[in-house]
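Presented sequentially are two complexes of chain A, the first with chain B as partner and the second with chain C.
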Partner chain A sequence: MRRIVPGLVAPVLAFALALGVTLLVVVVSGASAGTFMSVVFDVPAERNVVNMLNNASMLYLSALAAAVGFRMGLFNIGVEGQYRIGVFFAAAFAGQAWLPGPLNVVVAILVAMLAGAAWAAIAGLLKVTRGVSEVISTIMLNAIAVSLTAYLLRQWGIRPENGGEIRTVPIEEGSRVPGFDIPFLPGAPNEVFGLAVLAVVAGIAFGVVINRTRFGFELRATGASPTAAVASGIDVRRKVVVAMLLSGGIAGLVGLPLLLGSTYTYTSTFQAGLGFTGIAVALLGRNNPWGIAVGAVLFAYLSEQATRLELLVGISSELVVVTQGVVVLAVVIAYEVAGRYRRAQEQREVAEKLAETPGTPGNQEVAR
Partner chain B sequence: MSDEAGSSPAVRLRGIEKRFPGVVANHDVDLDVLPGTVHAIVGENGAGKSTLMKILYGVQSPDGGTIEVEGRAVTLGSPADAIELGIGMVFQHFQLADNHTVTENVVLGAEKLHGIGAAASRRIQEISDAYGFGLDPDQLVEELGVGQRQRVEILKVLYRGARIIILDEPTAVLVPQEVDALFANLRGLKAEGITLVFISHKLDEVLAIADAITIVRRGATVATVTPAETTARDLAELMVGAELPSPTTSESTVTDEVVLAVEGVSLMAGERPLLQDLDLRIHRGEVLGIAGVEGNGQTELVELLMGMRKPDTGSIRVGDRDVTRWSTRRRRESGIGYIPEDRHRHGLLLDSPLWENRVLGHQTRKPSARGPWIDRRGARADTERIVERFGVRTPSVDTTARALSGGNQQKFIIGREMSGDPVLLLAAHPTRGVDVGAQAAIWEDIREARRQGLAVLLVSADLDELIGLSDTIQVILRGRLVGAFDPRDVTPQSLGSAMTGATTEVR
Partner chain C sequence: MRRLTKIAGAALVVALTATACSSDGDDQTGAGDQLCPAEGDGPKIGLAYDVGGRGDRSFNDLAAAGVTQSVDELDATCTELAATANEPATARAERLRQLAEEGHDPIVAAGFVYTPEVTEVAGEYPETSFAVVDGAAEGDNVTNLSFAPQEGSFLVGVAAGLKTETDQVGFIGGVENFIIIPFAAGFEAGVEAVNPDATVEYRWLSDEGDDTAFNNAPGGETAANALYDGGADIVFHAAGGSGAGLFTAAEEQDKLAIGVDSDQYLSAPESQQEHILTSALKRVDVAVFEFVQAFVEGDVTTGFDVYDLARDGVGYATSGGQLDDIEDELEDYRQQIVDGEIEVPSEF
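Then we have the complex of A and B:
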C-alpha cells in the first residue's frame, strides 16, 4: 500500500494543480471560471465520445512510439515526421490497389511501419556512427518530412476534377477498414475507427516486450544506465538503432486509423500535431502502457471539450492546451516528489532492517 | 604547539547532528581542534567523517549543535562563508584544469585577491617558497605528478588566506614516498601556525603525523587520543568496536592449468599508449594482484579483459579459446565474472529492484532467462539465494539497489558475479568504500573463489589487501607490467618503489 498510494496521489494532485492554473488563466483573460468548468466537465454527447476514442487511439500509438525511445533514454522527437512519412506511403501504396481488398490493407500497414522505421533509422544511424544527438536530428527530420511528403504529393498526387486539394489516389471501397459501433453508445451517428484496435494490440505488445523479454530488459537497462549496460554485455549501439526502428515503426501506425477509416487519401492537410502531443502523453503516462492509455483519453477528452468551449461560450479553445501543458509539467514534478518520498521510505526500511539484526555489522559476517 | 595557554581552539564543535532521510549521518559530535596542530579524524568508510567535514566547510548545514571558529560562534551557509573565516578544504579528488598553469588554477575564483597576472604569480611563488612546495607558477598542471598536484591544491587554499585546512584522505592517491613528502610539507605548515584537520582511515599514517586523533564511529565521536598513548590496534578497535580482521590467504591452491593468458597486448589512445606489450597468465586457483598508482592502466586492463575495449595488438585467451574479438556478452557467457571498480556506474541499475539487478549481465543465461523471456521467478529465487548466502542486508529482493549501503551493494555484486560457474573473476577494488565488516566478508568470498578453483585478477589500491590475498603481485606503471613480486616477502615500501618506477625488481 505504501508504494501504491503515492503512485495514485501524484497524478490526481497534478491534474488538480493543472486545473487550478487554467482557471486562473481563464479568470485573468476575463471569462467566467464557472462557465469554463461547466463546459469542460459537461457530459459529452455520444458523438463526441466516439471522436474522443478515435483521437485517443492515435494519440496512444504516438505516445507508445515516443515511450519506446524514452525507456532507453532516447529522445525521439521525430514521431511527428515519422507518422507523416508512414501515412503518406501507406496512402500512396494502398491507393494504387495493386493488391485486392484486405490484403491491400495488411500490406499498407506494413508499408507504413517500414516507412516510419526507415525515417527514424536515419537518426539512429547518425547517432551511432557520427554521434549526432537524436534530439537535433529528429527535429530536423520532422521539417524535412513535411517538405518531402509535399514534394512527393506534387509528383504522384492527383487533383480531383471538381477542384480541391492535390491528394493521393483514394483507396478503393474494398480496402477501407469499416468502423464499429460501441454497444453502450447506441445513439452515436459516427463509428469508432476499425484500426483503433491497432492501439490495443500495440499496447499489449509493448507491455509484454518491455517487461517480460530479454530485449525489453536490455532496453530498460540501457535507459537506466548506459555504462552498466555496456559492462553487462549489452550492445548499446545496436540497441539504439533497433529502438529507433521500433519507435519509428510504431510511429508509422499513428495516422492509419484515420486514413483507412475516414479520409482514404492523404492531403497536405492530413491531421498534424499527433506526434508532438504524443510526447506529452508519454510523459504524462510515465512511459507505461496503462498510464499512457489514461493520458491519451484525458488529452482526447480535453481536446474534444475544447471545441465546444469555443462554439458554445466563446472561450478560446487554446485554454485547454494550457491545461494539457500544465498537467504534464505537474505530473513530472509530482512523480519526482513521489519518487523521492518512496526512496526515503525505502532507505528507512533498510535502516530498520539493519537495526533489527543484533550485533555490529562486522561480527556476523566474519563468523560466517 | 598548544603552549599558548588560554587561547581558544581553532575549531570547536559541540553536539553536531546531521540527518538524511532514514539515516543519521552524524550525532553527538564534539571536537576541539587546537590551533597550530595536526588533528586527525579517523573512522571507517561510512562512519560519517566526510559529512562532518562538509559541515565544517559549509557544504552542508547541521540539523543541530554549534560551531565555533577561533572562539566565535559561527553559522556556515556555504563554502564562501568558511573561506571568509579562514577555513580551506583540500578534496581527495583534485579540482584542477590540466591544460592551465599553476597560477591560472590557483587564481581561478580568487581573482580579486592579487589579480591574475604578475602579482598573483609572485604571491604563489612566495607561498611555495615559504613552505618548500617547489612549484613553478608558470608550469602546466598536466606536467605535474600526483604529489605536486596535491601541493597545488594546498596552495590554492593558502592563497585564499586559510589558517585552518581540512585535508580529505590526502594520502589515498599517493604512494608511500609521496606520503613522506606530504607529511614534510604538513609539518612545515604546522610550524607556521596553520591548523590542519586530517581525515584518514590509514592508522599508521595518522599515528605518524597527528598531534591528536579523534575517532568517529557510526556518526558520533567516540574518543580523542594522542599518538603517544595509543597504538594502531587500539585505534582500529575504537573505529570498529570489534577486532580488526586482516587479509591472509592459507596454503596455495595454484594449479598449472592456465585460465587467462594475455599476450603482447597494447592499447592506444591516439598516439598515447594506455597499455604496452602486456603479458600475463593466471592459473586455476590463483589470485593475481595488480598493484599500481591509480591511472597507470589498471582500469583499461580490466575493461580490455571484459571486452569493453578492444586491444590494438596482442591476444587474450580464456582456457583454450581465443576471446580477443569476443563481445562483452560472449565473454560473460563463457564464464568471466566482473566486479567493477565503480559499482554505481558499471555494476548496478540503482533504481531497479535487486532481482532485476540479478538479471543484469546474466540476461541471456539461466536462471535469469529462458529463451527470449526473462525468468522472473527464477531470477527472484536466485536473488534470495544470493542475499542469504552472501549476507546482503536487505528487507526484500524488491528493494532498489540504491537503498542498500555500499558494502551490501558490493556483497550483492560479488554474489551475482560468482553465479553461473565462472572460471575467471575480475575484481577491481572490491573493498573500496565498504565498511570493515563487509570488507572481511568480501575477502573471505575471494578466498572462497580461489579455493573453488577460480582464477582471480585482483586490482587494488590497498597494498595490504593485495599482499594478503594474492599469490603473485604484478606492478603496473604507465601501462606496462614492470615487476613481479612474491607477496610472502614483499613490503609496502618495496611495492611503492616499483609503483613509482624508483626501482624495478624482477623475481
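Then we have the complex of A and C:
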C-alpha cells in the first residue's frame, strides 16, 4: 500500500498542477475557463483521431530515441538534427528508385537509421575522445544539420514544373507505404501511416533490450552510477558511443512515417520540431516505453485541439505549447516530490525495524 | 542530484527552444484583437496564416490588410487562424478544414506552404472558394494569387541604376528560392537597362530550409555592410524581417537602401527614412481584397490570377520624394512593361 499510493499520487498531482496552471493562463488571457475545458475535453472527430495517432507515432519514436540516452545519463538533445539528416537521406535515396518497390522501402529505412546514427556518432566520439559535453555538441549539430540538409537539397533537389519549392525526387508509387484504416474509426477520410507500426516495433525492442538484456542492464547501471559501472568492469566509453549510435538510429526513423506515407518527398517545409518535442515526451514518460506512449498520445491530442481552441474559444493556439511545457514541468516536480517522500518513508521504516532489533545501533545512527 | 540538474538543464533547453520559436509573436497583435467584427452581411472570410501570423509587418500583415479592407467595404466578417511553431504536418490541412466546416467562404491561405493542403481540402469542400497567396494549388474552386515581383523589382532597379554614383549596387535575398529569385532577376535587368556599366553584387542569407533567413536582422546588417564596404551605394533587399538590418547599416554608413513588399519608408524609424530610396511593392493586400470582391460579385478567376504591374499588383513606392527627379523615366519604363514592350525576366 505504501508503495502504490506514491506511484499514483505523482501522476495525479502532475495532472492537477498542469490543469491548474493552464486554466490560470486561460483566465488571465481573458477567455472563459468553462468554454476552454469543454473544447479541450470534447471528443475529437474521427479524422482528428487519425491525425493524432499519426503524430503520436512520430513523437513516440522521437521520445524513444531521447530515452535511450537518458537511461544512461546521456543527454542527446540532437534528435532534432539526427531525424532531419535521417529523413533527408532516406528521401534522397528512395527517390532515385535504384531498387524495386518494397525493397526500396526497406533499404531507405536502413539508410535513415545509418544516417541518423552517423550524425549522433559525431557527438559520441567527441565525448569519449575529447571530453566534449554531448549536450553542447548535439545542440550545435542540430544547427549544422539544418544548414547541411538545405545545402544538399540545393545540390540534389529538383523543382516541380509549375513552380514551387525545391524538393528531392518524389518516391515512386510502388515504394510508397500504404496507410491503413482503424476498425473502430470507420468514418475517417484519412488513414493511419503504414509506418506507424515502426513505433510499436521500436517500443517493444526498446523494452526488451533495456530491461531483459545484459547490454540494457549495463546501460542502466552506467546511468545509475558511472563509477560503480567502471568498478564492475563495464567499458563506459564504449557504452557512450553505442548508446549514441542507438539513439541516433532510432532518431533516423522519426520522419519516415510521414515521408513514406504522405509527403513522398523532402522539402524545406518538411515537419520540424519533432526532436525537441520528443525530449519533453521522454521526460513526461519517465523514459519508460509505456509512459512515453501515454506522453506521446497526450501531446498529440493537445496539438490536435490547438486549432479548435483558436477557432471556437478565441485563444491563441500557442497556449497548447504552454500547456505541454507545464505538463512536463509538473511531472518532473511531482515525481521529485513523490520520490523524496518515498525515501523519507523508507528511512523511517528501516529505522523502526532496527529499533525493534536489540543489539544494533539506535535509529539516530541510521537516520543520519 | 547531478541527474536532476541535467534533467532541469534539458528541460530548460526545450523551454528555450519553444520560446525562441514563438518569440517573434511578442509585439504581435493577439487573437483577442478586433480585426474581425462579429457581425456583417458580407462574406464570412476564413484567413489562415503561416507561422508568424499577424504582426510580422510584412506578408501576413498585408494579407490581413486585404481582409480589413473587405470588412470595411464589403461588410465582411472573418476568422483568422495562426500557425504554431513546429506544429504537426497535418495542422495546416486541419486549419482549412475547420474553417470550411464552420461555414467560412471564401478561405484565404497566406503563403505558398499551403499549396498541397489547399489542393487536398478544396477537393473535400467543392462548394467553398479557396485562395492561396503565392500558391500553386489545383482545383476548380482554387485561386492562386500570384505576382510578377520581377516587374516591380525592375523599376526599383531602374531607380538604383540611375541613382548610383559608384556604378555598383547590391541585392540581399533571404534564400535563393522561387519566391525571391524573381526579385533579384528583375532588379538586375532594371539596373542593366539604364546603366549597363553598373554591376549587381548578391548576398544570400541562407539556403532553402532555413527559415531564420527571413528573421535575421543581424545577418542582414552584416550582409549589407559587406556590400557597402565593397563599393555598393544602393542595396535592395528581399529578405523579410532581415531587411531591418539593411536599414540600420544604410543609416550608419550613410548609404541608400530599397525596401520590399510594403512601402517600408512608412514603417521605418524617422532617422532611417532618408536612407530608404524606394520600395518594391508586392500588393498582397490588393490581391486579397480583389479576390474577396470578385467572390462577392460571383466572378472569381480560378487557377493562376497574376497581379502584375498593369493591375497595380506590384510597383514601386514614392514616399520620401527621392525619386521625383527621375519620375518621368520610371513612368516611361513602367508603361513599356505594361504595354509588353519590355518583358522582364523572372529568372537569371
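Observations, loosely collected:
We adopt the following convention: the second predicted complex is superposed on the first by the 350 of 368 C-alpha atoms of A that agree within 3 Å, B and C clash if a C-alpha of one lies under 4 Å from a C-alpha of the other, contacts with A are read in each partner's own complex, and residues count from 1 in each chain.
Following the convention adopted for this analysis, a contact is a pair of C-beta atoms (placed from the backbone, for glycine too) under 8 Å apart; a residue touches a chain by one contact, two chains touch by 3 or more.
The structure displayed is predicted, hence computed values, not measured ones.
Looking at the superposition, the partner that touches the larger set of chain A residues, chain B or chain C, turns out to be C.
Of the two partner chains, chain C is the only one touched by A:Ser316; chain B is not.
When the two structures are aligned on the shared chain, A:Trp156 is found in touch with neither chain B nor chain C. Contacts of A:Val230 after superposition on the shared chain: chain B is touched, whereas chain C is not.
Contact with chain C, but none with chain B, is seen for A:Val332 once the two complexes are overlaid on the shared chain. By the document's definition of touching, of the two partners only chain C reaches A:Ser262; chain B does not. Once the two complexes are overlaid on chain A, none of the chain A residues touched by chain B in the first is touched by chain C in the second.
On chain A, the positions that touch chain B within their shared complex are 212-218, 220-221, 224-225, 227-228, 230-235, 343-354, 357, 360-366, 368. Note for the complex: chain A touches chain C at residues 29-30, 47-48, 51, 54-55, 73, 75, 77, 135, 139, 146-147, 149-151, 153-154, 159-160, 162-166, 189, 258, 262-263, 267-274, 276-277, 279-280, 283, 300, 303-304, 306-308, 310-311, 314-318, 320-321, 325, 328-329, 332, 336.
Interface residues of chain C, counted against chain A in their complex, comprise 3-4, 6-11, 13-15, 17-18, 21-22, 25, 30-32, 79, 81-91, 94-95, 97-99, 102, 112-113, 115, 124, 136, 176-178, 206-210.
Across the interface of their complex, chain A is touched by residues 20-23, 240-242, 245, 306-308, 327-333, 338, 340, 345-352, 356, 359-361, 363-364, 369, 372-374, 376, 391, 393-395, 399-400, 402-405, 407, 435-438, 440-441, 444 of chain B.
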